[in-house]
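What follows is a set of structures for review.
Common to both upcoming complexes is chain A, partnered first by chain B, then by chain C.
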Partner chain A sequence: MTYSFDFSWIGEYLPVLLKGVGITVELILVGAFFGVALGTLCAWIRALGPLWLRPVVGAYVEMIRNTPFLIQLFFIFFGLPSLGFRMSELQAANLAMIVNLGAYSCEIIRAGIQATPRGQFEAGASLAMSPIQTFWHVVLIPSLQRIWPALSSQIVIVMLGSAAVSQIAAEDLTFAANFIQSRNFRAFEAYLVSTVIYLFLAIVLRQLLRGAGALLFAKRRAAQ
Partner chain B sequence: MKRRQFIALAASSFALLAAGPALADALANIESTKTIRVAVPQDFPPFGSVGSDMKPVGYDVDMANLIGEKLGVKVELVPVTSANRIPYLQTNKVDLVISSLGKNPDREKVIDFTDAYAPFFNGVFGPDDVTAAKAEDLAGKSVGVTRGAVEDLELTKIAPATTDIKRYEDNNGTISAFLSGQVDLVATGNVVAAAILARNPPKKPEIKFLIKNSPCSIGLNKNEPALLEKVNTIIADARKSGELNAIAQKWLGADLPAEF
Partner chain C sequence: MSLIEITEVRKSFGTNEVLKGINIDVDPGEVIAIIGKSGSGKSTLLRCINGLETIDSGSIAVAGAQLLPDELHLRALRLKIGMIFQSFNLFPHLTAGKNVMLSQMVVKKVPTADAEATARKMLDRVGLAHKFDAYPEELSGGQQQRVAIARALAMQPMALLCDEITSALDPELVNEVLAVVKELAAEGMTLLMVTHEMRFARDVCTRVVFMHQGRVHEIGAPQDVFGDPKTPELKQFLGLQAA
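Presenting the complex of A and B:
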């Protein structure tokens, strides 16, 4: 290999990279939190909610899961302003990630809920728990524990998918890499650095999710 | 033929050949064959592209036809690419290159240029209600550009720190951002602005100020003073008579700038 690496630009472009990392982290934190919250709500509706609402949520889930993320992003950022909903590229990126993760996590969480034996609901009711208490303690938490690895993977996938938001000029990590290589033409190095940072972020995120899982399900495990 | 005559003839024709186009008078040649051969682009709208009837159309094609008409000769269009347009001229396959060619010192070493016939510039464009006469006026405004383009590099240098420069992946992203109101202004080429205008949008991109100006000239071989002068006269007359402005209106959707 005769390619000579040149990383001397890192100092000059460090602020751009750091800003990119910051925005990617912000996107994934907001996206994961609200996305999973939306997914939980939708899963409850699809599995146990009012009958008339189920097809509505079903349509939303199918629509998002069967269209490309990039198109959803363009629709929100370039399309919605025609209807009067104009938002900044960061708001659009956040919204697209929440809506996207919401649909995927809905199906994952619903699988967990539907795997809950009928008897557990009745057990909760017979202990005089309210329906909300029953749902939270008896249904949701055990369900989440069952599907936690799948949900963690989906969150990581959405984080990696966030690279697409550079297309609407949101200045995330991918934007930073594109920006740098358009200025110094060191494409190999710029993408190498961004790849390493993504890998690092993904590993940290997986560890965080594992930790969160351990915390969330600790009591249950102790009781078992 | 006597032997001495033959040698003299052969020698003189060899001398003519060796001197190549330097001695040939392209204008005389055009007038005697009643044909002018013009290199035009076929992949660079609105300057030159292939129309629905498979014939080349565009600003450059209209310009070629205008020159042919003024010279009273038939126009033979030769489609070229931006890479081979100058070699076509140098190897005498065409008399003129009307192919959105910008003047620069490297090119001027090998060919001659006429006066400019088409405006070609990068600038900041925006709707009527936004005022920005110079780079300083961009403070606090958002400007869309295509990442890595000349406009991006120049604007990054000259815009005040409070300017929000939004960099999109390609021209379509930049256009969409402007049309959907995600940015106040766009920095782009006049050709791209013309493409936006062609869609007749509610927000019309009007030129605010120039970033870089490199108008198109017609290229011809060196040492063709007669042809150069003739074409320059045709361009000057066409500017005066409004014929050139009509071509600009047709293909770029805007009047010719006062100077370009």
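Presenting the complex of A and C:
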């Protein structure tokens, strides 16, 4: 093997890398928060919401879950401007991740809601709480607790999938790696560095999600 | 005037008619035990009274207000009538204290401090003041059921429905729950309980309803129902006659 490794470029391109990391982190924080919020709303509709809305949400979920993320991204960034919805690369990337995670988390959270013992709904009702109050105060937190590991994994998957946004020139970590190797032709080193950073981000994200779970579900408890 | 008026109530699940015209009037302060074999419709009757099941025909009125199956009427009704379940149904993510506080704050918009004061008072009433910060899973079945009673009481209901509230308990825990119910009865709370605790029904209740195949088969004072059963079905149920 005659290839000699050269990482001396890191100093020079550090600002590019850091900017990429920053954008990837921003994408995942915004995407995770609003994606899970959207997923929770959709899960409520599909499990307990108005009957006429359920097929609408069902169609959205199936459409997103059965098409490639890259196509969804292209559709939002290149397709929607034809209808007059113009947005920046970053806005399009954020929107695509929210819409994507919304659909996947909807199905995960719905499973948690539907595993709720009927007695919990009845207890809420017998205390004169409305169905929405019962959902919000009684059903939601134990439901999220039930599916938190699955939801955490899905959030990490979406974070890793965010690499696709480099294809619409959103300047994330993958965009930075592409940019660097196109300048210095150090493809192996550039992608190795970005791989290590993604790995690090994924580990940190998992720990954060575990911490959020511990905070949200003060103690581990099985539903009665 | 009767507090709860149940008139000609009928209820079917599919083609299976489980309530075939029930008439019972409950006066304030009465303690009524509903007994009968499983499948006789006693739990269904109880669940109809606070609208967990809708009735097909007949009427149920509580304190003069008709039970109607829309959201607004149901909530008004459920503010008057509390319910306690066989499986406790405490909220697992909330402490005992928070379980008792929640509906006060969410439904009645009681300020936190007042809700907490009420919760402490109610938990004290069921002998669990010291368990305010315990989670349901840290409590025994009997303690969980007493928290459930405190939770229902915190809404200041005019009557309590008890659906086999000791059936899921170990034998040695039954008495601590029954003692609380007995105290409530002594304080004048109106109680309708589906129960298999015959001794309790005999000692504490003002009237006993024996249900059989979806009908009120016998009704009367406990000494009459237990001491002088009229029908062969009740005699058999009480074990006084060979099957």
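The rule is simple: the second predicted complex is superposed on the first by the 215 of 224 C-alpha atoms of A that agree within 3 Å, B and C clash if a C-alpha of one lies under 4 Å from a C-alpha of the other, contacts with A are read in each partner's own complex, and residues count from 1 in each chain.
Criterion: a contact is a pair of C-beta atoms (placed from the backbone, for glycine too) under 8 Å apart; a residue touches a chain by one contact, two chains touch by 3 or more.
Quantities reported herein were computed from a predicted structural model and do not represent experimental measurements.
In the superposition on chain A, A:138 makes contact with chain C only, not with chain B.
Contact with chain B, but none with chain C, is seen for A:81 once the two complexes are overlaid on the shared chain. Of the two partner chains, chain B is the only one that A:167 touches; chain C does not reach it. Of the two partner chains, chain B is the only one touched by A:89; chain C is not. By the touch criterion defined above, A:66 reaches neither chain B nor chain C. In the overlay built on the shared chain, the residue A:178 is in contact with chain B alone; chain C does not reach it. Between chain B and chain C, it is C that contacts the larger number of residues in chain A. By the document's definition of touching, of the two partners only chain C reaches A:120; chain B does not. The intersection of chain A residues touching chain B with those touching chain C, taken from the two complexes, is empty. Those residues of chain C lying in contact with chain A across their complex are 50-52, 71, 74-75, 78-79, 82-83, 85, 87-93, 102-103, 106-107, 135-137, 144, 148, 151-152, 155. Residues 117, 119-120, 122-130, 133, 137-138, 141-142, 145, 217-219, 221-224 of chain A touch chain C in their complex. Residues of chain B that touch chain A in their complex: 144, 147-148, 152-153, 166-169, 173, 176-177, 180-182. Put simply, chain A touches chain B in their complex at residues 74, 77-79, 81-82, 86, 89, 166-169, 175, 178-179, 182-183.
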